[in-house]
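Pasting the structures in now, so scroll down.
What follows is chain A paired twice: with chain B in the first complex and chain C in the second.
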Partner chain A sequence: MGQLRVLWQIALRNLFASKINVIIGFIILGGTFLVVLGGSMLDSMDAAMSRSIIGSVAGHIQVYSSQSKEALALFGNMGGEAEISALDDFSKVKKTLETVPNVERVVPMGINAALVQSGNTIDLTLGELRGVLNHLRDEGESPERREKAESLKAHVRQQVEVLKADIAKARLISKASAEDAEDAAVIERVSSEAFWKEFETRPFDQMEYLENRLAPMVSDADLLYLRYAGTDLKAFQKNFDRMRIVDGAPVPDGERGFLFAKLFYEETLKLKSARRLDKIKEARDIKSKRIATDDELKRWVKENSTQTREFLLQLDGIKTRELVARLQKHLGSKETELSALLGSFFTTTDENFDARYAFFYEQVAPLLQLYRVRVGDTLSIQAFTKTGYMQSVNLKVYGTFMFEGLEKSDMAGGLNLMDLVSFRELYGYLTAEKKAEIAELKKKSGSREIAREGAEDALFGEDAKVVEASATPGLIDDSASFGDTAQALRNKELASRVYSQDEIDQGVVLSAAVMLKDPTRIQETIAEIHAAAERDKVPLKAVSWQEASGLIGQFVLMAKLILYFAVFVIFIVALVIINNAMMMATLRRVHEIGTMRAIGAQRAFVLSLVLMETVVLGLLFGGLGMLFGSGLVGWLHSVGIPAGNDALLFFFSGPRLFPSLTVGNLVAAFVIVMLVSAISTLYPALIATRVSPLRAMQAEE
Partner chain B sequence: MDPIVSIRNVTKDYTLGKTVVSALRGVNLEVHKGDFISIAGPSGSGKTTLLNLIGCVDTATGGLVQVVGQSTGQLTERQLTDLRLHAIGFIFQSFNLVSVLSVFQNVEFPLLLQRKWTAAERRKRVDELLTQVGLQSHAKHRPNELSGGQRQRVAIARALVTQPQLVLADEPTANLDSVTGQNIIDLMKDLNKQQGTTFIFSTHDPKVMSHANAVVRIEDGQIKDRISAAEATLAVAAGH
Partner chain C sequence: MALLPSPIRVSLLALALVATPVLAAPLDAAGVKAVLVELDDRQRNGGDYKALVYLEQKEKDKADTVREALIYRRDADDKLMILFARPKAEQGKGYLRLDKNLWMYDPNTGRWERRTERERIAGTDSRRADFDESRLADEYDARYVEEGKLGKFSTHMLELKAKEGVDVAYPVLKLWVDQASGNILKRQEFALSGKLMRTSLYPKWQKLFSESKGSDVWYPQEIRIYDEVEKANSTVVLIKQVDLRSLDANLFTKAWLESKSR
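Showing the complex of A and B:
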C-alpha cells in the first residue's frame, strides 16, 4: 500500500514537473474529448437514423423471397429497382412468421416504380372545357355552365396568344424550320376569329383539333417517375410511427387510394416558381444563406424572374387582370404586361424577399393551381407489369405524408404509398375479380386455352375455333379493349370498393416488414425466421433493416467507419507522440531511476513507476477531456446541432440533432484512452527498467 | 569474525569498442564490521569501480566478491537488488534525492521498498534518523529547498534508515564546501561510532581521509597499500 502511495505521489508530482507531460496530457485530453463527443454524436445519429428507418418502411427485419436474383433495397439501388421475386401468398408468409415468438407484427409490402403523365396546362384546361361541354350537351343549358364554358374558352385563347408570342420570339432568334412552320400554321388557325366562330356550332370537332394539334406544342408535360410501395395501408400506418399525414387524410380502411410522399409532391408536382421560392426561403431561414452572396440562390432568383410562362398559361383573362392589378399595387408599378410585372416581382433581394414571399402565398397563389395533382384528384398510374405489358390504374389521391426524420432524404422522401390491391394490379398479379372477369370474357367469346404445341392444329385443324395462346396467361392489358366510358366505369367501381382484410392478405407481395417484440434480438430472430420458413417450406429470406435499406443503411455504416477510422488515426498519431515524449521523459530521468535501482528498487517497481505516471496522466487529462466532452454534449443536447446542409439533414434525421451521452460512450473513451496511454508507454517503460543502477554513480548531466 | 566485505583477486574489464580496458587487476581487500575505511586514489585509478563491485551495482570479471557473506558473482540481478536493499546503504556524490518527494519521503523510500514496515514503524524510524542528522524540522521540505550539506544529510539518513551492515559513500563531500564536508564526515564518523555501522567511502580530500580508520590507496587498478589515516595525510602532504 505504502509503495503504491509513493508511486502515486511521485507520478502526481511529476505531472507538472515537465512540459512534456503537459503536452502529453493535452493530447490525451483532446483525444478523450473527441472520443466522447464523436462517439456520442455517432451513436445519436445512428439512433436517430435507426429510429427513422425502422419506423418508416423497414421495420426491424424485412423478409422477401429467397429466390430473388438481387438483394432487397427498400430505398432503391443505383440502377433502379432490385429484382425481387414475388411471394405468392402473403397470408401464408404471415402465418409462418407469426410462429416465431419474437415477431410482433408483420406488414406486407411491395415496392415498384411507374410512370405518371402529369399533363400540361393546356391539356388540363382543354380537359376542363371538354367536361363542361359534355355537361352542356348531356344535361342541357344553364347560365353557370355557359359562363364557365366562355371563361374556359377565353383562357384557351389566352394560352394561344402566349404560344403565338413564343413563336414570334423564337423567329427573332433563329430561322424557322419546317416543324416551326407547321406549328405557326396551327397557331394561326386557332387564334383566328373564324376558328372560334366555328367552335360555336361544332364545338367537339374544334376541341379535337385543339387537343390533337395545340396541346402537344406545349412541352412542359412531365412524365414522372413514381416510386411507390404497395402495402396494407391500415397496418402500415399503425406500425410505422414515423409516418405522418401532411396534407389530406389517410386512405380509408380497406379502400384503394394513393398517398404522395411530401418531398416528391413538392419537388415534382408543385409550380416550379413557388417551389423555388420555398427553397430560397429555407436556405435563408435555416442555412442563413443570402441571395447577395450565394450563387445557387442567385440562380433561383434569376430562373424565377425569367420563367413566368407557366403563369401566363395557367391564368384566364379575369385572373390575369386581377393579378396584374395586385402586382401593380404591391410593386407600385404602372406596367401592364403580366410577364414584365412577374419578372420584376420575382427579382427578389435579401431586403424584400420575406415580404414578397408572404405576398406570393397570400395574393398570388390563390389565383393559381399550385400543384399539378391536387389532393382529391384521380391519378392515372401506368406501370409495366412483370411480363412487360403496360397496366394502368386510376387511384384517388387522398393526401401527402412524410416519414419524420427522413423528410428531406431524396431516397426515402421519394417513396409514395398505395394500397396493396392496386399494387398487385400494376405488378401484373391477377386479382380475384380480374380472374373472374377474364373467365367471363372467355366464356362469352367461346375461347379456350390450348397448349402452344397444339396451336397449329387448333387453328387450322377441323375444329378450329377462336383461340387464345397460353404464353401470356391472362396478363394481356384487357382494359385496352374497353371503351373510354367502360374503363372509367370499371375503375370507378373498383375505386369505391372496400376490400376485406382477407382479400388484402391473400395475394402477392414482394416483401414484408417484421416488427419485433425485443428489437435487440434481430440476428437471433432472423435465424428463427429462416428455420420457420424451412419448416413450412416457404421460400423466405430475412434481413436486418440495415441490410434491407440498401444504400441508406450503408451510409450509416460508412459514416461510422469513417469516424472510427479518424479516431483510430488520431490515436495512432497520439500513440507515436506520447511514445516519443515518454521516451524523452524517461531518458531525462535515468539518474533518478538509476538511484532508485541502486537503493534497491526492483525492475518491476520502475515499470510500475512509469506506468503509474501514464495512468495518472490518463486519469487526470482523460477525466478532464471526458468532463469537457460531456459538458459540450450536454449543452448540445439542450440546444441541438442545426443541420447545415442536406447531407446533415439526412444524417441527423431532422433539422437538429440532440446528441445524448451514454455510459457506454464514457466507458469506451476511458478504455481507449487508457489503452492508448498504456501501449504508448510500454516501450519507454521497458527502457526505464533497463536503466542500470550504475547510472546513479555518474554525475548528473 | 568473518569480514563484511571480502575481495579476492578481483579483476574488472570494460570493453570499449575493440579495446579492453582493465579497471581492476587482481585486487584483494577485507573490510570488517565497524570499519571506517577510505578508498583513495587519483581519478581513473579504479576506486569507483571497486566501490561499485562492493555496492553490488556491478559484478566482477574475475575473482571473488563477497558482501555480507554472499558471493555476488553467483547472484541474479534480482537477488543483487535485494542485497542492496537490505544490506547496503548508499551515499552519492551528488546526493541523488528524488526531487519530487519531501525530505521525509526520501528517507522513507527504502523502507517502502522493503515492504515489511507499518506506516507507524516507518514514521518512527524516519523521525529517529532525521533527528540524528539534525533535520527533523525540515521533514516536509523538498530537496531543492535545502542546502547542499542538508541534502547530503538527508542522503545519509536515507542510507541508514534500513540499518544496513554496510554504507558506501562515493566522494560524499566532493560537492560540498570544506566546512560542510567536514560536518558530513563528522556525522558519518559519529554514526559509525555509535552504531557500529561499517562505512566505506572514496575521496581524494586528505582532510576527509584523516578521519578514516584506514586508507586503502589504489593506483592503476591495483591496491598500492593499506595505511593509517595519519600516514595517508603525510603521504598526501609529501605529494605522493
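Showing the complex of A and C:
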C-alpha cells in the first residue's frame, strides 16, 4: 500500500515534468474525445435506423416459409424479388406465433411486383372518353355524363390541334415522307367538323378511328414497375408507427384499396416538369446549390424549358387560353403561343426561381393534371401470378404515405401498399380446383410430350409425315366460350365489398411481421418461434429485422463496421505514437531509473512506476477528453446535426440527428483509452526494468 | 399481301405457281421470293377464318399452364383477334389487332392496353405473328443460304431480314422450307445483334378447301416454340379446328370484345 502511494506521488510529480508527457496526454485526450463522440453518434444512428426499419415494415422479427428457396428481403434484392414460398393460411401461423410469450402482435404481409402500363396522353383521354360513352349507353343519359363527354371531346380536339401544328412545323423543316402524309390525312379528317358531326350518331366507330389512327402518333406511353406489399392495412397502420399518410386518407377498414409510397408517387407519376421544379427548389434550399453554377440544375432548367409538349396535350381549349393569359400577365409578354410562353417561363434563374416556383403551384398547377394517377382514381394492376396466368385488379387509390426516417430511401420509398385480398388475387395461389381445370384442359388439347433435346429427330425422323390429310372443315361453336354476365357482376361485387377480419386472416401470406413485448430478446424469441413452429408443424423460419431488411439491414451493419474500423485505425496510430514517445521518455530517464535500482528498487517497482505514470496521464487527459466529448454531444443533442445530403438523410433517418450519450459510451471510451495507454507503455516499461544500475551510474560519468 | 399492288401480287403468284415444280434445287433470288409468296399465299384465306387453339406453356420452376383460345382473322383487312375462353379465369381476355395497333383487353379491369409486336401473347413464348396471316414477303427480304436436311426431309434454308420501317417482333429469321411440300418445318428468330431468340418447329400441316379463296388454306396443326433465352421455357400451339365461314361484320371492334364480357 505504501509502495502504491509512493508510485502515485512520483507519477503526479512527473506528470508535467516533461513535454513528452503533455503530448501523450493530448493524444489520449483526443482519442477519448473521438471515442465518446463517435460512439454516441454511431449508437444514435443505429437506434434511429432500427427504429425506422422496425417501425416501417419489418417489425422486430419476420417469419416466412422455411421451404422458401431464397432468404426474405423486404426491401428487395438486386435484380428482383426473393423467391419466397407461400404460407397457406395466415390464421394458423398467427395462432402458433401467439403461443410464444414474448410475441405481442403479428401483421400479415406479402411483397410482390407488377408492371403497370399506361398509354400515351391521347390514349388516356380517349380511354376516359370511352368509359363515359359506355356509361351513357348502358346507364342512360344524365346531364353530368353528357357534360363530361363534351369536355373530353373538346380535349381530344385540342390535342388534334397540337398535332396539326406539329406537322405543319415539321413540314417547314424537312420534306414529308409517305408516313407523314398518311398522318396528315388522319389529322385532316379528325379535325374536320364532319368527323365530329358523325361522332354524334356513331360514337364508337369514330372512337375506333381515333384510337387506332390518331393516338399512335404520340409516343409518351409509360411503363411502371410497381413494387407493393399486401397487408392487413388496419393492423399495419396500427402497428407501424413510422407510417404516415401524406395525401388522401387511409383505406377504410376491411375495404380494398391502394396507397402509393410518396417518393415513388413523386418520382414516377408526377408531371416531369413539376418534379424538376421541386428538385431544383430542394437543391437550392437544402443543398445551397445555384442554377448559375451547378451543371445538374442547368440541365433541369433546360429540360423544363424545352419539354413543354405534355402541357399542350394535357390542356383543353379553355384551359389553354386561360394559361396563356396568366403567363402573359406574369411574364409581361405579348407572345400568344403557349409552348413559347412555357419555354420562357421555365427558363428560370437564381433570381426569379422562387417567384416562378410559387406562381407555378398557385396559378399553373390547378389547370393541370399534376399526377398521372390521382388520389381517388382507379389503378389497374396486372401481374403474372405464381400459376403462370395473368391476373389483374382495379384498385382505388386512397392516398400516399411515407415511412418517417426512410422517406428519402429509394428502396423503402418504393414500396407501395395494398390490401391483402387484392394481393392474394394478384398472387394467384394454385387451388385444387384450378389444378383440376388445367389438367382437364390439357387432356382436351391432346398434346404430346416431346423432350426439347430430341425434338427435331422425333418430329422429322423416319416415321414423320409433315403433311396430314385434308382437314375436315370445322364448325366451331364459340358461343359457350365467352364470359357470362354473372361473372362480371360478381367481380364488381367482390371489388366493392367489405371484408371481415376472418376473411383477411384466413388465406395466403408470404411473411408476417412480429412485434415483441421485450425487443431486446430478439434472438431468444427467434429460437422460441422455431420451437413452436416445430411443435405445431407449421413450416416457419424466423429472422431478425436486420436480416429481413436485406441490403438496408446490411447497410447499417456495414456503416458500423466502417466506423469501428476507423476507430481501430486511430488507436493503432495512437498506440504507435504513445509507444515511441514513452520510449524516448524512458531513455531520457535511464540515469534516474538506474539510481533507483542502485538504492534497492526492484524491477517490479520500476515497471509499476512507468505504468502508473501512464495510468495517471490516461485518467487525467482521458477524463478531460470524456468531458469535452460529452459536452459536444450534449450541445449537438440540443441543436441537432443537419443531414446535408441524401445519404446522410438515410443514415440519420430524418432531416436532423440528435445524438445522445449513454453510460456505455463513456465506459467504453474509458476502457479503450486505459487499455491503449497500458499496452503502449508495456514495452518501454520493460526496457526500463532492464536498465542496469551500474551502467546507468557509469553513463553519467 | 395488302401492301403490294394487285398486278404485282398476281404476277408473283403466277411466278410462284411456275416455280413450285422446280423447287428441288438451290434457288436464285426470284425463286426465293417465290417461295415466300407461296408460303404467305397458301396460309391466307380470301374470306374470314376462325380457329380453336390450345396454348400450352412450360416455364422454369412453374406448373404448366394450358389455355383454350379462339383466333379470328379477316385477312383482307389485316385484322386479327385472339380471344381466350378457358380456364374460366381467363375468359373474355383478348388481343385485337387493328391497323398497326395491338390491343389487349382484360374484362377484370375493363381496360384496353396498347401492346407492341414483341408482346408475349398471354405471357407465353408465342407472338402475335404466330397466329396471324403470314406476311413474310411483305415484311422481309430473303436470301438463299443452302440446301440441307432436317431429319429425313430435304430443305431450303433461307435467311430473312426485315424491310426498313416494318415493325416486326424479330428483325432476322431463318426458315427451313420442305422442298417436297413447300411448308415451313423450322423457323429461327434472331435479335438485331444476331442472338438467337426463338426456335419454332412445325411438324404437322393441314389444308382445308376454302370456297371464298377458291383453293386450299394451309395451317400448322402444331407449332412447338422454344425460348432460346430462357432455355427451360417453351410453348406448344395446337390448332384443333379451323372454320372458314363468315364472321360477324362488327367482330373486329373493341365494342364487340367488350360486349362479350359485359
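Note that in this section the second predicted complex is superposed on the first by the 562 of 701 C-alpha atoms of A that agree within 3 Å, B and C clash if a C-alpha of one lies under 4 Å from a C-alpha of the other, contacts with A are read in each partner's own complex, and residues count from 1 in each chain.
Assume contacts are C-beta pairs under 8 Å (C-beta built on N, C-alpha and C of every residue); 3 or more make two chains touch, one makes a residue touch a chain.
Quick caveat, the model's predicted, so the values are computed rather than measured.
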Margin query: Contact-wise, after the overlay, does A:569 reach chain B, chain C, both or neither (first, second, both, neither)?
Written below: neither
Check: So, A:692: does it touch chain B (first), chain C (second), both, or neither?
Finding: first
Next item on the list: Using the superposition on chain A described above, determine whether A:445 touches chain B (first), chain C (second), both, or neither.
Entry: second
Check: Which partner, once the models are overlaid, touches more of chain A's residues, chain C or chain B?
Finding: C
Check: Should A:601 be classified as contacting the first partner (chain B), the second (chain C), both, or neither?
Finding: first
Note to self: For A:436, using the defined touch cut-off, is the partner it touches chain B, chain C, both, or neither? Pick first, second, both or neither.
What the structure shows: neither
Note to self: One more residue to check, A:384. First (chain B), second (chain C), both or neither?
What the structure shows: second
Next item on the list: Kindly classify A:2 by the partners it touches after superposition: chain B alone (first), chain C alone (second), both, or neither?
Entry: first
Check: Now for A:591: first (chain B), second (chain C), both, or neither, which partner does it touch?
Finding: first
Check: Do any residues of chain A touch both chain B and chain C, and if so, which are they?
Finding: none
Next item on the list: Spell out the residues on chain A that touch chain B in their complex, using ranges where they run on.
Entry: 2-3, 6, 9-10, 13-14, 17, 591-592, 595-603, 605, 692-694, 696-697, 699-700
Item checked: Residues on chain B engaged by chain A in the complex (per definition of touch) -> 48, 51-52, 55, 57-58, 77-78, 81-82, 84-86, 90, 92-94, 96, 98-101, 105, 108-110, 112-115, 117, 119, 122, 158, 170
Notebook entry, point to check: How about chain C: which of its residues touch chain A in the complex?
Noted result: 50-52, 54, 56-57, 59, 61-68, 70, 83, 85-93, 98-101, 106-114, 122-123, 150-153, 165, 178, 181, 183, 185-186, 201-209, 216, 219, 221-222, 224, 226, 234, 236, 238, 240-245, 253-255, 258, 260-262
Item checked: Footprint of chain C on chain A - complex, ascending -> 83, 117, 119-120, 123, 127, 130-131, 134, 138, 179, 204-205, 207-208, 211-213, 215-216, 221, 380, 382, 384, 386-394, 430, 434-435, 437-438, 441-442, 444-447, 450, 452, 455-457, 459-462, 464, 466-471, 473-476, 478, 481-483, 485, 487-488, 491
